[in-house]
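Each chain carries a letter (A, B, C and D) given by its place in the written order, and its residues are counted from 1.
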């Protein structure tokens, strides 16, 4: 299975009925496709809409309605539009149940770095710092390694996005929960051994007593 | 009491070196005609405050392409390699601000608050050199208000007095910037007589708008 | 996904001693049926956050008459001699807050800001015991956010999901309080199916509203 | 002439075409009646409307449209409604050109006291503190004395509304401009002698070189 699809499927199971959810650009946006049947989540786009959904047909594209990546989108009945001030009022004010973001690094303190590589790539933090600081639950969705390099490491070497400890890391190899005691390995991907995960991870992992294989259906 | 003027006349009011807020998010909801006219009139040394610089050739990206910008306060330049290149070459001084903080700083500027007390950015590089404040045992950053000489606004509909309406995600930074510009120039897709926008639907109140440019004009 | 419930059931959720924000300005735009039901159910020891207490027998004044209030954060009680009497008799603890500061403190509570930096009240009795902060040579007061267990909101129109619309000066504190209540109960004159309030006209977004009471129900 | 009418007429001359103006409850609301012909001011009511005007006929009263005193009102074409947060954003943000308020005391520093008499009358400040701190121009409209007692005094004995120096005091006897040098007596009411004003004023007054009689028409 494609690594991104696997991650998106697993993250989708973390959402609860009625949740207000923000999906970052890229991999996280795939999550919306894998909601369990009958479950309803409300997707916020930080450029000013709650109730966003993917465009069903290209012909319906409208220049005044895009997602946060600038891609044409559509909305569900009952959706609401608002300005950037209000949008981040929802985020910072604790109204957002879940945010799913990509990551460059996560460390043993559960701190995320995802907005710049000094001297190389300086995209800016966009909404990421507010999202990580403000959402009730922060899920990092990323590939376990990048070009063979570990991304889950002892201590972030890149500038962090927030001092806040993220709530869950979902990769193509594992599900890891940052806790006050450290990173707890809770699930491994189908066909992945615990040792494979350990080898691909620089950070220390605490193996959960009830560790199990990732379940990919609700 | 019409505030309608021509595109050229409106943009002529903006001198080289001015600070200019521009609405829009990745090009969506940016005042595209005002931007094109800034380029056409060859403005230089602008200090731009905007969420992003879109992409090369698009929206605020056109001002970057035209070398019109020397300073930029923004939250995201990831999709515009031109901006990144000029930042690294030190041709543009870029201040990166978290998006929610950017919105609140502009709001503070427009509504007379002395600053913003936010949890966003505490303990990160964003906090460097900035005061913090402890409130009920929690630490927050203190961020300064932002104002500008001009605010360039895109609206879907305006009445001649300058009451504005917005549409879906083309709203974004436009309403808050309309409160924070010393001179506010709004570009509207549709301009209607006064009285056609009912009081409950005037999202930006006309008293803050100085000049209005119609789509054709 | 209807949030509609009965008046009695909605108000039963509010325990004695709760902190409750109530929208309205001199009775205009207050949730009158929710207030009447609070009185009918004999609630006690409420801590009310509201712009004013209207007049005896009117709006929030009815809660004062019913002896339901022990604490009050408000900007104006000048037109309610009952509130003044009980304040002087120390039956109600009253905190007087400048109206703009009250609005911003509630906004800060609802949007996760750590406080409000305002020029209003500097050098007056309002500043006593509060921290000040100097920004670019000017002194400002630092005021704390306000939140509440409940927010009681009046809207002119709601859809079943809780998207709300307001009307003229009946808007006042309702939209900001809808963001700052732990549990939000809205009373609407008209309730319509989901989809009938278009996205650009949903002034309060349904996700923050927990329960909805129709004018008749 | 009625003292209140005289004050309102004189204050009306201070407004300029296109001004955004807030009139306090009571005496100040009378000002709107005396705008010079052809002049257009926009009246803000702090409960959430710009473009308010007096109700033309009682039958048009509508419960969701009142002024800040709770009195039914109406609006001009192009009026806009907004919430209390936005309303005070206009006031504190310097968008309001003029505020006209009543006063209990004004002192030589030009400081106004108008919101409480400790132990006697505690109405609360409502919007007054924001208005006096935030408006571009603050005009105090009040009777010169109260029950024979001077209201323009050396130093306010009542709690002040703002440390800000107000811009103009208009009474039934005089027009006085607070300046860095002190209170300057600029105009006297028709039929009022300078000595009458001095006698009814506790504060020191600087007599303007060009002192004149109040003109009550534009």
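Methods note: a residue touches a chain if its C-beta (ideal position, glycine included) is under 8 Å from a C-beta of that chain, and two chains touch if they have at least 3 such contacts.
Bear in mind that the values here come from a model prediction, so they are computed numbers and not experimental data.
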Chains touching both chain C and chain D: B
Distance from the mean Cα position of chain D to that of chain B, given in whole angstrom: 35
Centroid spacing, where centroids are CA-atom means, of chain A and chain D in whole angstrom: 55
Separation of chain A from chain B, taking each centre as the mean of its C-alpha atoms, in whole Å: 29
Numbers and ranges of chain A residues touching at least 2 other chains: 49, 75, 81-82, 88, 91-92, 134
Where chain C touches two or more other chains, by residue: 104, 107, 112-113, 118-119, 166-168, 171, 199-200
Pairs of chains satisfying the touch condition: A-B, A-C, B-C, B-D, C-D
Complex contact set, residues of chain B against chain C: 104, 108, 112-119, 131, 133, 135-136, 138, 140, 142, 144, 165-168, 171, 199-201
Residues of chain A touching chain C in the complex: 18, 20, 40, 42, 49-51, 75, 77-82, 88-95, 134
Touching residues (chain side chain D, partner chain C) in the complex: 45-49, 62-66, 68-70, 73, 75, 81-85, 87-88, 91-92, 121-130, 133-134, 159-163
Touching residues on chain B, where the partner in the complex is chain D: 1, 107, 110-113, 159, 161, 163, 179, 194-195, 197, 199-200, 202, 205-208
Residues on chain C engaged by chain D in the complex (per definition of touch): 25-29, 51-52, 54-55, 74-79, 84, 87-88, 96, 98-104, 107, 118-126, 156, 166-176
